[in-house]
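Consider the two complexes below, in which chain A is the common component and chain B and chain C are the respective partners.
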Partner chain A sequence: MSDNDWVAGISKKDAGRYSRQLLVDDFGVSGQKNLKNSRVLIVGAGGLGCPVATYLGAAGVGTLGIIDYDHISLDNLHRQVAYKEAQIGHSKAKGLADNIKLQNSDVNTVVHNVSLDSSNAMDIFKNYDIVCDCTDNVATRYLINDVCVLLNIPLVSGSALRWDGQISVYHYGPECPCYRCLFPSPPDPNSVTNCNEGGVLGPIVGTIGSMQALEVMKIAANVDSTLAGKLLLFDGREGKSRTIRLRKRDTKCAVCGDNPTITAPVDYVLFCGAGAHDKIENLKLLEPTDRLNVEEYRDIRGAQKQFLLDTRPPVEFEIAHLPEAINITLNECRSLTPHDLSSRLEVDSNTSDVYVICHRGNDSQRAVLLLREKLNSIRFRDIIGGYEEWALKINDKFPLY
Partner chain B sequence: MICVKVLFFGEAFQLVGKREESVEFPNETDYEEIRRIVLEKYPSLSKIEKVMMLAVDQEYANPGDRFELERFTEIAVIPPLSGG
Partner chain C sequence: MSSTIPVTIDFSGGAEFLVKAKVQKVQIPEESTLRDVLKFVRDNLVTDVHRINMLLNDDASEVAHGVITLINDTDTGLLSEYDTVIEAGDTITFVSTLHGG
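Right after this comes the complex of A and B.
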């Protein structure tokens, strides 16, 4: 036998680079080769998308597509750990792809710097074998689910808020449910809290995103025991996780059932009654006469100290507030008796005006509607745009968050 | 009747204000009755009623399912999370 002959399962370069994962039972050379042949699409280059893309790129996935229309901002950096300060203002999809390339130049990255919707989703998704839902809103979650079912692509879905995370694999195998099997009708838009409002901790999205990357590696490598048909709930506050066994595929499901009624992407913004993003919508619940702008309030308080009710949660009140503000949350406006409200506000029978403020001007309107029913001798008015507007127009040193 | 632990996840925890509480149910019950008792005891959950999953002993509960509850049975109230 010649010294120049050998039988190799993998190239010398890949064996050297990926040796530590080649040594893992049930992954090995075949897992590595399958991963290299896989095309994975990550929808959302945020807190979940960063770890998913980073781990899959490092592990040697063949093609990594990244969809995001948004730009990197300062308040992303605490959890979107792939980005650097110098990248603020740059495209997320391109920024993340650039970072993946720097870490592993063998990965073929594809940047989709677009807002995903019914018109473009089928064309983008059809080039991929596995999709990761790393998005931040309900409408896009239904869109991704439906397109994955229509194109028969397994979906690795992660989500996170505050201290909690969830992960599941949908539409992977004949018995496996899809997102619609579990949630045939969308949530009431008023009941959905997003990370902009509720906040989220970096390690929570880091944990869920890392688990999504692991599920992709198992599916790509054809290793069984995935989270298909299961929902893992992660409670970071208590340090607990629970795995719920989900229902089987619903044979009556509108998209993956035996007689589907959805055979092409639909209008998801209409279906959900909410936009395909996690930005805050500006509500108009009050008449203009029950509202005033930040300049008007500045002039009024400049002349005389005013009663200002601040409806934000205590954690936000603690970040910053105007010195005259009294913190009574929206929930307290709902639950407290008129008597308790008066004593908390320190108003008396001579008080005629109370101003109401919140973060961006939505909860303050909801509070005015509640308060004027309870204390009808007082005129309540809300400050349009809340503290965010105050910081933009009156005092740029006021902390924005 | 029997007292079993009900767990509240995500938005359910935000609305109820507790991560868990003991609640009394009939020993023999079904999906619909559990749902009705939970929503009666915690009316704030009506906000997420449409998307609220129930799991009994870490298994998704389907409409029509019957249960024999025991001392250590756990009922979980699970709405979807959508942030990321």
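Right after this comes the complex of A and C.
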């Protein structure tokens, strides 16, 4: 009897390692082999990218590329669960690839420690079969979409904010729309809230990222019934999800239509009017005479108790505030009458100065513009850089977030 | 006097911050189209009027970029878009798309 007296669909090593998913109907040996032959690119190694990479690595994907230019920070860890405390300050793309390798040394990982833009996207994407959008901003979402269409790569797109998540598969099959079919024009940059401002819960990105990994496995294994042409809405607060049917590919779409006008990546920062990142931009809405820096405010509050208006949402006010601060949100500055504002601030006709503070010094400027119209006998000034600057320059014990 | 029909209007993905409640059961005039519903939402449901541009354009003739409208969980792009006639019992959903990750 020969040693090879059987017919094997898969190596002994892989059969042992992946046995529990080989037993799943419609995945099986062929799904496993296809996954092993697949090259998957994850754009964004954050809250979504961590579970996508972790599950695909564990499941035995052949090649896993990871794009991210950012570094791991302490305030990432609550949701970016692949990272360890000891990795703070390290590159995300490399950190995630290292952890994948520790979990499954058979995965070929490729680290792209770059800021993705129009100049490098085509060269990177062309080496992959499936792309996952795990990014945090609108400009990069359009860039990824266009490059996937141009190179004919299916795109598994996830997003999340606060208690909500959304996932869809774009450009997969002749009738499937792309991101641009749904959203030919980008949203007003002023109306976009990101995780830095709106917050997000870890299990929300965990849920959506896990579902993205599942969609990749279905596409790799040629299982039909993917989320192509559908959008799954997950409402974690209500514990509900629903899947809606999306419109078909728009034959007039600028990139995937029958006569496309976009035949190479364009300038997405220009197109969206917003940077390709989720960082907060520093506004300058006021004259220098209507602003003061944190050192100046420290000195005047040391001399005498001041009126300080704090425009942050109550959840942020609750994290920490200066003891003299009175919480009146930017929206309340808009909607309250002058009389109600005065009584909330506890100012009277003798009050000459009120200082305005917020998280980083943008909303406080917006508030000054509103407040000086309503209470014109008072001089309102904003504190440049807000509590973030206060923590940096005046008191490093102040809880930053 | 024209009669009204009961419908449900719900808001998701952040659009709910502009209105009093995420899900609202309301009466709208019979034969209303989706376009009429946009104006109904602007005139009757939006409470945060300063940020209404997150949901609707200036004259409430279309939704803002980045918002999808559904009727009974179907993209109105598969129906007659803004000309779709609303029927009694329909659920009209405004979904703001998320960008975080």
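The criterion applied here is as follows: the second predicted complex is superposed on the first by the 397 of 401 C-alpha atoms of A that agree within 3 Å, B and C clash if a C-alpha of one lies under 4 Å from a C-alpha of the other, contacts with A are read in each partner's own complex, and residues count from 1 in each chain.
Throughout what follows, contacts are C-beta pairs under 8 Å (C-beta built on N, C-alpha and C of every residue); 3 or more make two chains touch, one makes a residue touch a chain.
Just so it is clear, the structure is predicted and the values come from calculations on it, not from any experiment.
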Contacts of A:Arg334 with chain B and chain C, given as first, second, both or neither: second
Chain B versus chain C as contact partner of A:Gln304, first or second or both or neither: neither
First (chain B), second (chain C), both or neither touched by A:Ser105: neither
Partner chain(s) touched by A:Asn350 [first = chain B, second = chain C, both, neither]: neither
First, second, both or neither for A:Asp235, with chain B first and chain C second: both
Which superposed partner A:Thr289 touches (first chain B, second chain C, both, neither): neither
Residues on chain A lying within both footprints (that of chain B and that of chain C): 44, 46-49, 133-138, 141, 158-161, 164-166, 182-183, 185-188, 190-195, 198, 200, 205, 231, 233, 235, 242-247, 278
Interfacial residue positions of chain A with respect to chain B in the complex: 44, 46-49, 133-138, 141, 158-161, 164-166, 182-183, 185-188, 190-195, 198, 200, 205, 208, 231, 233, 235, 238, 242-247, 278
Chain B - residues contacting chain A, complex: 9-11, 13-14, 19, 47-48, 50-51, 53, 55, 58-60, 62, 76, 78-84
Parts of chain C lying in touch with chain A, wherever the complex brings them together: 12-14, 48, 50-51, 53-54, 64-66, 68, 70, 73-75, 77-78, 95, 97-101
Parts of chain A lying in touch with chain C, wherever the complex brings them together: 44, 46-49, 133-138, 141, 158-162, 164-166, 182-183, 185-188, 190-195, 198, 200, 205, 231, 233, 235, 242-248, 278, 331, 334-335
